Amino acid sequence: MKSNQEKFFETIFLSAAFFIVAIVIVVIIELFIRALPALRTFGVDFFTRDVWDPVRREFSALPFIYGTFFTATLSLVISYLLSVMIAYALTELIPKWLSEYISSLVDLIAAIPSVVIGLWGIFYLIPVIRNIIQPILRPLSFIPLFSGTTFGFSYLAADLVLIFMITPIQVSIFKEAFLSVPQDLKEAMYALGATKYEVARHVIIPVSRRAMIAGVILAYGRALGETLAVTMVIGNKPNITLSLLAPGYTLASVIANEFLEATDPLYTSSLIALGLILMIISLIVNIVGYFISRGLKR
Amino acid sequence: MERKTLIGIALVALILVSGIIYMMLPKQEKVSLVGQGSTFVYPLMSVWIDEYGRMYRNITINYQPTGSGAGIKAIIDGTVDFACSDAPMNREEWLTARQKGTILQFPITIGAVVIAYNIPDLGGRLRLNGTVLADIYLGKISKWNDPAIKQLNPDLNLPDQEIIVVKRAEGSGTTYVFTDYLSQVSEEWAEKYGRTKIFQFDERIGDRGIAAQGNPGVAQAILQNPYSIGYVELAYAIQLDMTYALLQNRDGYFVNANITTISAAAESAYAGLPRPDESWENVTMVNQPGKNSYPIASFVYMLVYKEQQDIKKLQALKKWISWILTEGQEYADDLFYVPLPEVIRNIGLEAVNMMTYTGASSLAMVICEFLRSTLSLTYITPPVALRLLVF
Amino acid sequence: MKTRIIIDKIFAFLALISLGIILLPLAHIVAMVIINGARVVNFDFLIKTPRPAGFPGGGIANAIEGSLVLVALTMGFSFPIGLLAGIYLAEYGRGSLAEFIRTLVNALAGMPSIVAGLMAYILIVLYFGFSAVAGAFALSLLAIPYIVRTSEEALRGVPNDIREAGLALGLPKWKVTIYIVLGAAKGRIIIGALLAMARVFGEAAPLLFTAFGNPHHVSSIFEPVDALPLLIFRYALSPYPDWHMKAWGAALLLMIIVLTINLVIRITIRKRYAVRF
């Protein structure tokens, strides 16, 4: 038996939730409608051709999908390795009193706004890549990853920046996971004479696997959608290549750079289609991550 | 709660409250105009906005230099009050704009495109002509010590380095003027590209090409990359202390870009100009005869609709544009833009006279206006109420 | 036996190096922001609006004011809605409807910031023009999922006995929720809001085609505004050395604001943990 007052309040709460849902649905529909012209014009080619030519009015998503995944995936792999090591150091190697402060420092990285990292990237990272890293990599240029010359603005710069930004996320989650490993499990191993490394490898990490996966997925989602810092250092040139030194372009960057300049409807529609693609990609990654982490809580 | 937290929360609340206060500041009758477009004119435009703002405090103008192409799109879309472009609207754009009303185009100043370069230890000033320039941008000439360049510059220290070619990434009036010139001096260019606001590099340029955003972006790219070449508006080259080439004009003389040479080029275009409500697609002043003519010069156009829906904005626009065309012209030559001769100013002033008020006729517009004025209040009440509830 | 110890030491070494690798850029960034920024920040910098491009002098008051207005608008819009939705999900939502809403909110949480800007452009800018309102809408799309999530979690964290005690006293459910449960959870809810606010201060991507930028003092929320991160983006990409320096100054201001908020959060959290045990 609900009083009218009760129902009133319940309606307010429900309305707020509904409002959010409504906005999201309206927006997705609008995005879809506006992306349709481009998708209809180019069809499947939109995903398979490698072209982005505002002059001849031929657009496709392939170079940007490539760029987005190329940067995000490579960064994730390296960041994962780094994060596991750092979490290991913070939980097992460094004394607790110190570890708390250093953890705060690492968390601090996540608080730095993306623009500031981009700003630093332009003035300090790019010259380093151009003047120091490039000569160092020259003897290795037979490896496709390191081939080519660079103006400094490159996939490499974007990767370095991304690694820097997504590592704290993973470190924080990994740390929490490592710390929740039951103490007795670890003690049992130590009692048997295991080294710290062995305990980590055979106990801590396997037990934490699920939480770590959630962390990795969260970080991946972040890397896929990161806009500003990447745009400022990647070179902004659609480029499907294995060369890290070459300039590149991601879905987020091309929208950021070219949306206001898109002068014809097909151009705008193509950019919105790219936005739709980006949104769908991150939605999928997010939903997967959400369900995995919920699986954990049970 | 402990004192530290209270202080922290107080700080944060301070931030929020100051934001709200800014929103509610008593405002005198202020009118804001929004414009978008050409980066070519931006150095002069920002001086105009600054000076005008000092004198007439109740009219503020916000101009975003996003490129001529974006400016044209914005005025057609109706997201800005005025736009600036160094490229006149082409037929397609003009017809599209006309569907929404009478679009007015008129010159507000004259500027020049210079060819800036970055060659360490050159030992003098680079000389170029149209053919060589076109060949560089077509990718046919790829090194600085190419015989064609050497021929024009026998005394200079041209290095054995690849030329890094910089162009505009987005739809640009500067590109339009530049390609207009290249089309006149190179048949191959005219066939392959013609005059256009945007073009893609030929494969021969490949990795040597850089596409930058806006005149500032091109300037930046040239400054940062040794052995590069690019086209920028004169004011940028001067403000940033860049080296730019002497160009050979149609009569065969190598000229610098300055008020005299640009004026000489512009004069030839003064006759037979269209009215503001007509299309300006064929107006050009590149590659003009005359021993003093600088080869790559152009009008900067302002685009605005004749019919305005907001009477305050209409009045503000009229005042602002008239000022640009009269007193504003005095600021031009400090930045190496050419002040418009009276004949040309009158075209713009005629356009200003043509602008009229077509009031809010539909109910929807009235509701929009009502919403606009009351919404600023409703944004404040919910959070205040909630805070009272929660605490 | 020895190899095992060597392996152990090697990994310990690698782990510590990794820590160093991640902390080194942090130190450098912070140092550069402080060093470069401090050179530029002075009274004029904070109070004056920019001079024409290429002319030295002037300040970034337009961006500072713009940021404050945008954040105020964003929090004003997203905090109530997010909180109310969070209350719904925690206290009233049952079954698949609530599940659907929750999944949607979580999906929204991972939205790339540029897509939020795109959405705001389509919904707001095309009808109302570039404005602070449009920018705030875009930022809200990013803030709301945060606030919903943290509010819901905070409310769920309140032990049921409190609710039952309230109900046992004869209070209607809505009163229990608003006055009692909310009161108990308010610390965590505020932390969630603060986190959202810190994030919103630093976002520029959604503002690129919504707030648009504006060199004057803020006069109306229905007009374009500038913002600190937006200004940094523009100035960093420009060729003017004067603007580069100003970008560093703006970065310094931004960092100070964001770090202060984070500090407040940290202190509040530390206190709560202390109080619990």
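The first chain written gets the first letter, and so on, giving A, B and C; residue counts start at 1 in each chain.
Please note the rule applied: a residue touches a chain if its C-beta (ideal position, glycine included) is under 8 Å from a C-beta of that chain, and two chains touch if they have at least 3 such contacts.
Keep in mind that what you see is a predicted model, and the values were worked out from it rather than measured.
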Chain located farthest away, centre of subunit A as origin (C-alpha): B
Dominant chain pairing [most C-beta pairs in contact]: A-C
Whole-Å gap between the CA centroids of subunit A and subunit C: 18
Subunit B and subunit C: spacing of chain centres that average the CA atoms, whole Å: 34
For subunit A, residues that touch 2 or more chains besides their own: 260
Multi-partner residues of subunit B (each touching 2 or more other chains): 213
Per-residue multi-chain contacts in subunit C, two or more chains: 80, 83, 178, 237
Subunit A - residues contacting subunit B, complex: 53-56, 148-149, 151, 236-237, 246, 257-258, 260-263
Residue ranges of subunit A in contact with subunit C within the complex: 3, 5-6, 8-10, 12-21, 23-24, 26-27, 30-31, 34, 81-82, 85-86, 88-90, 93, 102, 104-106, 108-109, 111-120, 122-124, 164, 167-168, 171, 195-198, 200, 221-222, 224-228, 232, 252, 255-256, 259-260, 272, 275, 278-279, 282-283, 285-287, 289-290
Touching residues (chain side subunit B, partner subunit A) in the complex: 66-67, 69-70, 72-73, 169-171, 196-200, 207, 210-211, 213, 224-225
Of all residues in subunit C, those that touch subunit A in their complex: 4-5, 7-8, 11-12, 14-19, 21-23, 25-26, 28-29, 32-33, 80-85, 87-89, 91-93, 100-101, 103-115, 118-119, 121-123, 141, 144, 148, 172-174, 177-178, 198, 201-205, 208-209, 229, 232-233, 236-237, 244, 247-248, 251, 254-255, 258-259, 262, 266
Of subunit C, residues touching subunit B in the complex: 51-55, 65, 68-73, 75-77, 79-80, 83, 125-126, 128-130, 133, 178, 182-183, 186, 190, 194, 197, 212-216, 218-224, 237-240, 257, 260-261, 263-264, 267-268, 271
